[in-house]
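Sharing a structure here in structure tokens format.
Just so it is clear, A, B, C and D label the chains in written order, and each chain counts residues from 1 on its own.
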């Protein structure tokens, strides 16, 4: 296998040009094709100055032996057939989130990849930001203590989309980060969701997800397409420290707060524990310096390495499947009045 | 009746000193007593330079004919007996939120006030801020159009309290504002709540409330004692404009955003409507100038006027009762797994 | 001498009520009088519930043997006669900034206090905030290294005042903080100023001060009455760390940034030093927790202690005089086209 | 002349890749060459997937008849020879700011372009942002009234550079914006500057510029490489409205504040005018919606149009020259102790 991965990007819509730009900029990749049913669109993404080819014919692209792998940025409903065709042509696959529109489809993709011995990576872009990488490491190293709550807000004016509602559009970000950051023994146990379609748009534009975690912990996400106030922040409340990730604060994305009182001290009796609560207040805060790096460049790094080393990427198809399982259960909860829907331990 | 209201403040704890300061500063009030079971505490609040008296004996205070009205800032569980004693002594009552620890207690207070023909005002302080007054007026004047969603976040490091959980401590603010701002035909129809006590503190420290409103609209509140990031903001999403109230942004508390596309236009057919959604984006924003005024001074104005004019205050006992009804139903929902609990139209 | 300081507040204008409130709230002080030429104004500040007396007659107030000290909040042009009368009556004096409208007046006040053996304290309020106290300590302990630059911005919509221009109104804050924080060997050596009166208001509404410090260091202040954007921040650039004080960011007033590269390392040669610069970038940041405390309460503490212990307060008359010397030189520079005006080492 | 401009980018350092990316993305341009003395650097910028060629030989590039124009992103000291060579080869020139290291060099470039009848455009990138375009229009339409002051802050951690000090690195941004926005009758009349090199880096790392404008107005810029707090904002104070441009606030870049009182009303007498000042306070604020557009794309639009239409671009060589004149005078003022240095009306 060559040490430069020949790439085809399938889908020249909203996200496709970002993939194209990052493939072109990656020293370990070589862009061969941009493919879209709408040929002029594909040609526009290729531009005047590229050696890459444009095509409206997926079969033509997959027949090119110089193509080692494809990046799929088509609508979710088409992920399964495109991925199956790619695996049939023995191409590795990087696919946009959500992995598929259903757990059923997603599982077929995972099974096909595993049977073929090919890489299937889900582009959970946020997991490759310096911020989320740091959060994962701090949690793994015990710096935050036990995770007690995770609260995520991802709101702004979004395009109301044909294919997906706000839950399937935005919550995959929060759920993939949760999946990436939480240790295995803290895997979600149930999910409840309340959604609203106050515009009568035919699909939910506002959703609130509550995720039950082991050990009395809780996670919550607010996703919303209708807010003119743009917010992107998540709080990771730990028993030792509390971390705030504010993705729109470029000079201070991560703030780690010391807690004045450690309530987890087993030597404190119940009464003292309650007293202690009264004096609970914030301590010093540390904002670690973060490198500047485009997440999508790191996604390409990981995908290229996984392909060249024939190994599982950090966010493989199974990670995408775990996210799908929560999304499906959340949709069921929303339809049924907001009750908690239990999650089977998948993966 | 004199045109200066003789006042006694009952309770010299956290909030009492604020009441004392505002009573003293009000030209239409005269502070006679500060009363607390803990006499040195009452004396400390009175201070060196005041003509007011300190007492640990409620009966002594209520027996003073120069006292026209009392302001109650004791723990919620004592609101009912203190208020009933005040009414029996023919004093008007201003009481801190929540009105009472239960709808049952609250209703007894309201009934007692109405039977006695005395003023019962609930100190829903936020309703008297220049910001909330403006929001109410904008909604009443139709400037926002139909309310489609209300999203409120009220989080920070709070004192974990003995008497109440976070729901009863913080959500009364959001619910009283909702009650004050929404027109009557948009009264909440059901409430669901998810809470967590990840510290094992014996009471909820995090709560998420979802309030179903008529016409597919939704309200949501996140209240949290455990967040080192302090946030106090509410979005009022209307069909014409969207208003963001950020109470921690002193120079721009209110931002009113135009919507680029009016989806409520009845002339737009369904397909065009869906197309329109795609181009939905923000328009200009206006931040109206707001006067600087301490809300508690306006509370005192309203209470003094209501007493002198023998009329219902803007946030009377019945408003307090409507808030209590939602709190009780929310607590029930949280205990039962987060299902929506319907609300009877009270008041 | 009693251990409660009998106080008179002279001047019931803008700042007087703040002094009155803090005197009343201070356990070691007792408010006897509020004095203003405009008697109803004095009475309004005293209010309905205070034991203090109102007067329009300074002599009457100074004749009261229960008055140990006076706090002067009259216009600057009257500070000298009021203070001299107070010293003649053997009262200690706390005076608002600026100490006096000229170095000449200020020196007479300082001399009179020292001859009489009485306390003269200048109310450099900001020096008593938890933030500035911390900054002073960090600088004194060498935590920032050598101070290389200080940049201060204090702008907003201010009242254009009759008595003073923006330089004399706002720059005393920045200069008193500089005086309080910098070690003695870093005392300013020269000052330049550019001012503007673009409204034709008859006095400067915008001023830029550049203060030359020893060792190639520089301080700069921008004060402005005409900015709708309110800013209050100061950067203290040190050779080891850089501290940012943002007084309008209540939850993160102080941020201390590590520097990635220590250019002061004497072991680095000139060429390496220049190379090093290229990789100069920010390190981690720490935001220390600060206590919540009203600065004016700490001013009262310091003044009461200085009176009771017959000692110099932290911001004595001489500190006020050093600030005056810079203000006078800055006014001269502004009038002369912005040249640096040298400062004699005063005090 | 073809309607696609064949382009060569000279200089593959810090800014070159941005030019390359925007040339490649522009439908009216075709990238032919990336040229840098360091060939591997040029090749890296071209990348794996481009049809463009890399070269270390300027003559080879200029000899290519398919090259219509060059974009120069080399160090300022080389701008003159590269531009002269380009003009000699009859290529149009887009050059990075500052136009040249001296007015003398800059004038030679302008003269050469005018003699040859070729386009010389200075890449004053900020002038092509949606924000600055709007500001220029608002000023031109009289929406702000007369400009009374302009205050600009552009600070952060910058690379200490070999070729230029902070004045020549950052102040061109502020001065080119001032040149672009101010009407001709408000052209700067003098400049003063104070600079500091507290690190002993051999060049100024902090600079304060004061620019005298006609009609008592003033402009000021603070540029600083040593601040860990990153700020990029400019206030345009007008007699009718005040505009704040905060370039780091992506969702509210422009805020336009109404003034409560119009002091310019000629019917107000002097005394009333002074009284009026007292009640001066902020009015409502409007934040106009701005399109999202990369400024460099608009730079390419303007350059391509100017080349194809053989016309002067909006920021031509003369605009670059006016900026140079202020920079040179500022450097002289800083060397001479901060006195105002008069500016001759150039252009």
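Observations
Rule of thumb we're sticking to: a residue touches a chain if its C-beta (ideal position, glycine included) is under 8 Å from a C-beta of that chain, and two chains touch if they have at least 3 such contacts.
Quick caveat: nothing in here was measured; it's all calculated off a predicted structure.
Interface comparison, B-C against A-C: more C-beta pairs in contact at B-C. If you average the Cα atoms of subunit B and of subunit C, the two centres end up 39 Å apart.
Distance between subunit A and subunit C, defined via averaged C-alpha coordinates, is recorded as 52 Å. The set of subunit D residues that touch two or more partner chains comprises 229, 255, 281-282, 285. If you draw each protein chain as a dot and join the dots that touch, every dot ends up joined to every other dot.
Listed in rising order, the residues of subunit A touching subunit C in the complex are 252, 255, 258, 260, 281-289. Within the complex, the subunit D residues that touch subunit A are 4, 23-25, 27, 29-31, 47-52, 229-230, 248, 250-251. Here subunit B touches subunit A in the complex through residues 148-149, 151, 153, 155, 157, 159-160, 162, 192, 194, 196-202, 206, 208, 210, 215-218, 220, 222, 224, 226-229, 233, 235, 237, 242, 244, 246, 255, 257, 263, 273-274, 277-278, 280-282, 285, 337-340, going by the rule given at the top.
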